[in-house]
Every structure is written in C-alpha cells, then in structure tokens.
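Each structure below is given as structure tokens.
In the two complexes that follow, chain A is the common piece, with chain B as its partner first and chain C second.
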Partner chain A sequence: MNDFSATLKKACSEAILAEQNSPDGIVMTIKADKIRQVFETLAGRGTSDGRMLLTDISAVNIEENDCRFELYYHVFLIDLHLRLTLKCRVEGDKIDSIADIMPAALMPEREIFDMFGLKFRGHGNLPRLFMHNDFEGHPLLREYPLMKRQILLEQTKFE
Partner chain B sequence: MSTTNRPRDPHSLSDDIIAMSIGPSHPAMRCPIKLNAAVAGDHITSMQVELGFMHRGFEKMAEYTPYNELIDLVDRLNPVNSPSNALTFVTAVEKLMGVEIPERIAYLRMVFAELARMASHFDCIATAAIELELTKLKLLMSESLNVLLDTIETHMFRPSFGGISCSLDDNFSGFIRQLFAFVSSRSMEGRRYMSQGGIFHKRLAGYGTVTSQRALEAGFSGPNLRASGIEYDLRRHCPYWLYPKVGFQIPTGTNGDCYDRYVTRLYEIEQSMLIIEQCLDRMARLDDEQVACAALPVAVKPQGEIYFAVESAEGELGYFIVGRGEDKPYRLHIRPPGLAEAGALADVLTGEQMEQIVPLMGSFNLSGAELER
Partner chain C sequence: MGIERILAGKNNPLGKLAGKIINLARSNSLTPYIFHTGGSNSRIISRLEAESRLAELGLNEPCFSPRQADLLIVAGPLNTRMASALRFVYDQMPEPRWVMALGDNACDGGIYKNYAVVEGVAQIIPVDVEVRGCPPSMEDIIAGLERLRKIIRERNLSDDYPPKPESADKK
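For the complex of A and B:
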C-alpha cells in the first residue's frame, strides 16, 4: 500500500496536495487541472502491480468561495485490495475529461453534466443522460427547487 | 453511443435499414430502457441506448429527508434485491459515525443479503428462460424466487442504524435449512437444463462476448465482470460485515459471453447457500446476551464523507454520503450496479440478431430505479 502511494506521489508530485489514510484505503486531494496527469500515471502502471477499476465519480455541489464543485473519483486497485479516492475541487464549471484514458468515466461524466452542469473538456458533445433535451437547468444543484417539474410532451426524435 | 457498422446479414432479403425502437417498457425487461436500433434484415447495425424513463428524483429527495426515513426509501430502489440497498445505506452511515455493530447483527445482515442475492439471480435466469421458451427452467427458477421473497417478507426484515429489525422464531435456522433443501433441488435441476449442449447453451453461448480487458475498462462489476474471467468480489477484496470469517468460492466464467453471465449467477446461488449455512452455525455458537435487535442510542447526525460499497447481486452497489452534522445528508450519491453495463450495451448489441436482444440485456441484470436519478 505504501509502495503504491509513494510511487504515485513521486510521479505526480505537483498534482497531489494532501494524502490521508482511512480504514478503507487512501484519500488523496489533487489539483483539478492535473487530473489527467494522475489518471495517465495510474493507467500507465505496469501490469505487475495490477489491474484497476474506476468504479464511479461523485460530484458535490458546494458553494464555498470560488469553488462550486467537489469531485470524488473512486478507484479500486484489484490486486492490491486497495480503495483509492481522488478528491478535487473545481473552480468554475469546467474540468478535463478522463473518458479517453478510462472509458469507465463515460457514463459518470455524462451523469454529472446532466445533474450538475459541470462540463468535461474533451468528452465530445456530452449529451444529457437522464433528463430530456428540453430540460432547463440541472436538478441536483442546490439552487434547483425540490418541487420544480418540467414535463416533456413531445417524443424525442431518433436519427 | 456506438455507431460502428458491422457486416450486413448475408441472408437478408433487402438492403434497407429500418429504424426500430424497442422499449422503454418491454415485458421481459426489468427496467425501462429504450433501445433505438438500426436493423438490416435481422441484424442490428447500430444502436443508441436511451435512459431516463424512471425519474425517482431519489438523490434530490435524500437531501431533504432525515436519515431514519431514508432507510424506507432506499429499499424501494431494487424490487427483487431490496435488502441489499437498505443494508448498504445503513452500514455506510454507521461507518461514517464510527459505530461498531454486534456480531449477531452482522451475521443476520449477511443472511438476508445472501437470500436477496439468490432471489435476484433466480429472477435473472427466470427472465431469460421465459424469452427462450424454456418453460420448465422458468418454473424451477420462479418457484425458488417465490419462496425466497416469501422468506424475506414473512420475517419482516428491516435494517435500522446499529441493528436489524426482523421477527425470528427459535427455529429460524431449521426453517432456512428446509428452504435450502427446496431451493437447491431446483437449482440442481436448473443446472441440468443450463448445462453445455442444451438449448440454453446453444442459444446463448458465443453471443454478446465482453473480453476481460473490455469489461475492466468499461467499469463492469459483479457477476458481469466475473463472467469475463476476472476474480473480483468485494466480499473478498474489500471485506465488510463478517465475510472474512466465512469460506466461499468466487465462480468465474471463461468467455465472457451471455451464457457465462447466466451460469456464473447460477453457481453464485450455491455459494450463497454455503455462506448462509456458515452464518447460521456461527450465530448458534454466539452468546445469547447479544441482542438481535438494537438501535443507536444517539441521534443520527454524521459529519464527514464516505464511500461504502458492497457486492450486491447485480454488481458493486456503493453509497457516497456527505454529512454536515445535520439530520439530513448534504449529498447522497448511489453508485448503481449496471450504469457501466448500460453504457456498454450499445456496443455489445451491435452486430447481434434481434432475437438475442432480450436474453442479452437480461444477462446484465440491470435494475432501473437504481440506475436512474
């Protein structure tokens, strides 16, 4: 476990701001603009220390100072039996997409865009995942009213 | 989604490509998903998967609902495997608060989680059997599903923070052993119908193959990942409750095709029975002073953030909770088993025949309400 975090810290020393050990694994705080560098390092590891699985990305809408969103990337390292959480704070509403490095990020990124309006640079046209195309706003933002409904009356056209 | 063109069906009478919509509501699909297919003859040349037909608004609602009330909401997210959701949520909150649960409760949770896993797997195979018109197999699986759901419901199972609430009589373990005699005879007979060389094998083997590399990249989990040959099970790799104390095997497939995904599930049912028997044995050896029902003496107002995941029947089911010391979560996010699979569905189905759609979709065992927001 320590070998792994030491190697990762050495490879991306600029990206990692803090590291915390929890009973379930490691939580690392990273710079939002270095997210691709971290995942490139993770994906480029040799097969000797194992396979990894990007299980999910969770977003939290926080309104603190200039920071609007907190993103949590949940990674599981299968052979090390280790859960790694990468946490970053996003200023503004854009972050680099990692879907080309990790195809598992495709659906979570679409979901986060749909629910929070956070855009992923480099994710293609980023269509909405759950809400219809005429839906205005993003339902999981804190400012979106709980009872506001937007009903779709026309069928979506398929091309 | 994928628009890759695969070779045209040589037996097709016409070169026309027809746009065809399947779903969102289809009798054999467990969740509402709309498949927009371009079909040439009998072959699917391209496909788009459309989600968003079941807005529960659960994550939004959770931000306005106290933790205690959320227990009753989360177990509605998956109709067949409801104990898994409630137990995962409850355990995540307990971990966030640093609460340890008594051994007896941990074993009871394992028993109900495994019963629910068995129910979900039986349901999955029964759905495929209906589509393949294997009436006997369908009957065998539905009978087992029926008694399992009955068992969970008659014991009035409901988890609570720090405990579990269920009405167990003295002869609970005898009852479960009787149940297993019934269920294992059905699953053994089902195994005969699903063995190699039978109709089930012939209809499904070789279709919808997902290689281990592809499954890992796409973020598959649970039986869908294990069917591709990767031995990954959170009960072993990131243990929770008292899973390290029980012995079980992790069945894996070899080809990662539709047939392997069903057979992996069938083998898992047998392992679940093994786990439950060990749990009951160990519970019998515990001191009677340890109560079966307990509740937290303190108010549930956790502070901090946690991601806790279990090996649910369909795959990895995770709860991400951010608490800010209030009685409601600041943010609750579900990592549903099946979102990654739904994302890869278009690629898997492209190039297959129309008649394979339902068994192929069924083999991923997607659950609608968990999947959607």
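For the complex of A and C:
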C-alpha cells in the first residue's frame, strides 16, 4: 500500500496536495486541473497491471472560498485490493472530463452535470440524464428553491 | 349508453329508479386498473387480492388495459416525469371513471417529497378517494373502497348525462 502511494506521489508530485489514511483505504486531495494527469498515471501504473474500477463520482455543492464544488472520485484498485478516494475542489463550473481515459466516468459525469450544472470539458455527450428536457435549473444546487416543482405534462418523445 | 341518456331525461318518471339501479350495478362491478409506480404500496394490492375476497366488495380482477377499466388505482410516489404518463392513462379510460390514490406517497408525496416527486396526484387528475397510510393497512383500503362505492351510489344519473343544450340553429 505504501509502495503504491509513494509511486503515485513521485509520478505526479504537483497534483497531490495531501494524503490521509482511513479505515477504508487512502484519501488523496488533488488539484482540480491536474485530474487528468492523475488518472493517466493510475491507468498505466508501472508497479502493477493497472486494472482498476472507477466505482462512482460524487459531488457536493459547497460555497466557500470561491470554491463551488467538491468532487470525489471513488476508485478501487483490483490487484492491490485498495480503495482510493480522490478529492478535489473546483472553482467555477468547469472541469476536465476523464471519460476518454476511464469510460466508466461517462454516466456519473452526465449525472453530475444534470444535478449540479458542472460542465465537463471533453465529454462528448452531455445532455440531461434524469430530469426532463424542459427542466430549468439544477436541483441539487443550493440556490435551487426547496419547494420548486416542475411537472412534465406533455408526453416525452423518445428518439 | 344511449338508453341512459334517455332515462336521465328531464321528465322521465323512471329516471330516479333507473339511476339507482345503474349506480348499484356500477358500484358492485368495479374493474380496477392499477398504476404501479414502484412504491411498496403497489404490492399491497396484490396481497389484498390474495388474502381477502374483494369480489364480495365489488372489485373485479384488475385488468391490463386502462381502456376497459373504470377505477384507476394510483399506488406509490409519482415522479414529475411520470406525470404525463398518468395523464395519458387517465385520458384513455372510458366515462364514468373514478380514481383512488393509495398511500401517503400518492396522496401528497409522503416521505419522498423532493424536487422530483409530484405532491399529490390530485395535481394531475381528479381524485375521488384518498387512502392514507404508508403503507396503508388492509382495513384502510377496504374502508376506502367502501367510501368509493358510497360515492358512486349517491350519484345522480342526470349529472352524468346532462340534457343536450339546444343548438343555436333553432333560435
């Protein structure tokens, strides 16, 4: 486990800000603009076969110190049997997509765009996932009114 | 259907009696269509069918098309995106039709009140009977059914079939 984190730190020393051990695995805080570098390193790791799962991407709308969002990338490294959580804070509403490195990120990124309005640069197909097309705003943002309902009364045409 | 309109006519002496008989027949032969939305309430109906004899209360077997049904049972929380589907199902049902909202989730959103859930199907379609409870007990559902049958029996035939307004040509 220590070998792995040392290797990752050496490969992308600028990207990783902090590291923390938790009972479930390792939590790493990384820079938002270096997210692609970290995933490219993870996908082609020299020490092991590089097989890993991107389990999920989750987000929180925090409004502090010019940071709007905090993203969590939940990664499971199969050969090391290690859970790795990559945490990054996003300023503004844009971040690089990792969907071309990890195709498992396609759906979670669409879901985060739908719920939070966070745009992923380089994600080829970014329409709404859960809410209907006439829906205005993004429901999990803090500025979305709690009691606002947008009911779809016309039949949806599926293409 | 034509004979009901004649019976419900203004000066028909048989109108009241015929209305009573027709309403009695209707209340004893309801054919439900169950609009499942995936909540736990929709399972209650199947259990109810198995455990109690609903035919004695005038509920037929559920049918598989809204076009043959006269009672729509909405069970479970309704998504904002599903609202158009519920409206579509309701529009296909023949007149006269009744709607029962089953469970807290269908009545006002229940524990699922958030941006994606319609707070009460009454916003989409007219609801005759609301059965509360999450999930409602068997007794609640049977009481709701009894209440619906009472509503049906107390209806006036002339309300269903209002006399045709005289056309403007005659005047």
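Assume the second predicted complex is superposed on the first by the 149 of 159 C-alpha atoms of A that agree within 3 Å, B and C clash if a C-alpha of one lies under 4 Å from a C-alpha of the other, contacts with A are read in each partner's own complex, and residues count from 1 in each chain.
What we mean here is this: a residue touches a chain if its C-beta (ideal position, glycine included) is under 8 Å from a C-beta of that chain, and two chains touch if they have at least 3 such contacts.
The structure presented is a predicted model; accordingly, all values stated were derived computationally and were not measured.
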| item | value |
| --- | --- |
| Per-residue contact with chain A, leading partner among chain C and chain B | B |
| Partner chain(s) touched by A:R121 [first = chain B, second = chain C, both, neither] | neither |
| Touching partner for A:H132 - first (chain B), second (chain C), both, neither | both |
| Touched partner set for A:P103, first chain B, second chain C, both or neither | first |
| First, second, both or neither for A:I151, with chain B first and chain C second | second |
| Touching partner for A:K10 - first (chain B), second (chain C), both, neither | neither |
| Contacts of A:K94 with chain B and chain C, given as first, second, both or neither | neither |
| Touched partner set for A:R51, first chain B, second chain C, both or neither | first |
| Contacts on chain A seen with chain B and repeated with chain C across the two complexes | 130-132, 139, 144, 156 |
| For the chain B and chain A complex, residues of the former touching the latter | 19, 21, 36, 48, 50-52, 55, 57, 59-61, 63-64, 95, 216-219, 221, 230, 232, 237-238, 305, 307-309, 316, 318, 320, 322, 330-331, 333, 335, 339-340, 342-343, 372-373 |
| Complex contact set, residues of chain C against chain A | 80-81, 83-85, 87-88, 114-116, 118-119, 123-124 |
| Of all residues in chain A, those that touch chain C in their complex | 130-132, 139, 144, 148-156 |
| Chain A residues within the chain B interface of the complex | 24, 51-56, 58-61, 72, 74, 76, 78, 81, 83, 85, 102-108, 111, 114-115, 128-132, 139-140, 142, 144, 146, 156, 158 |
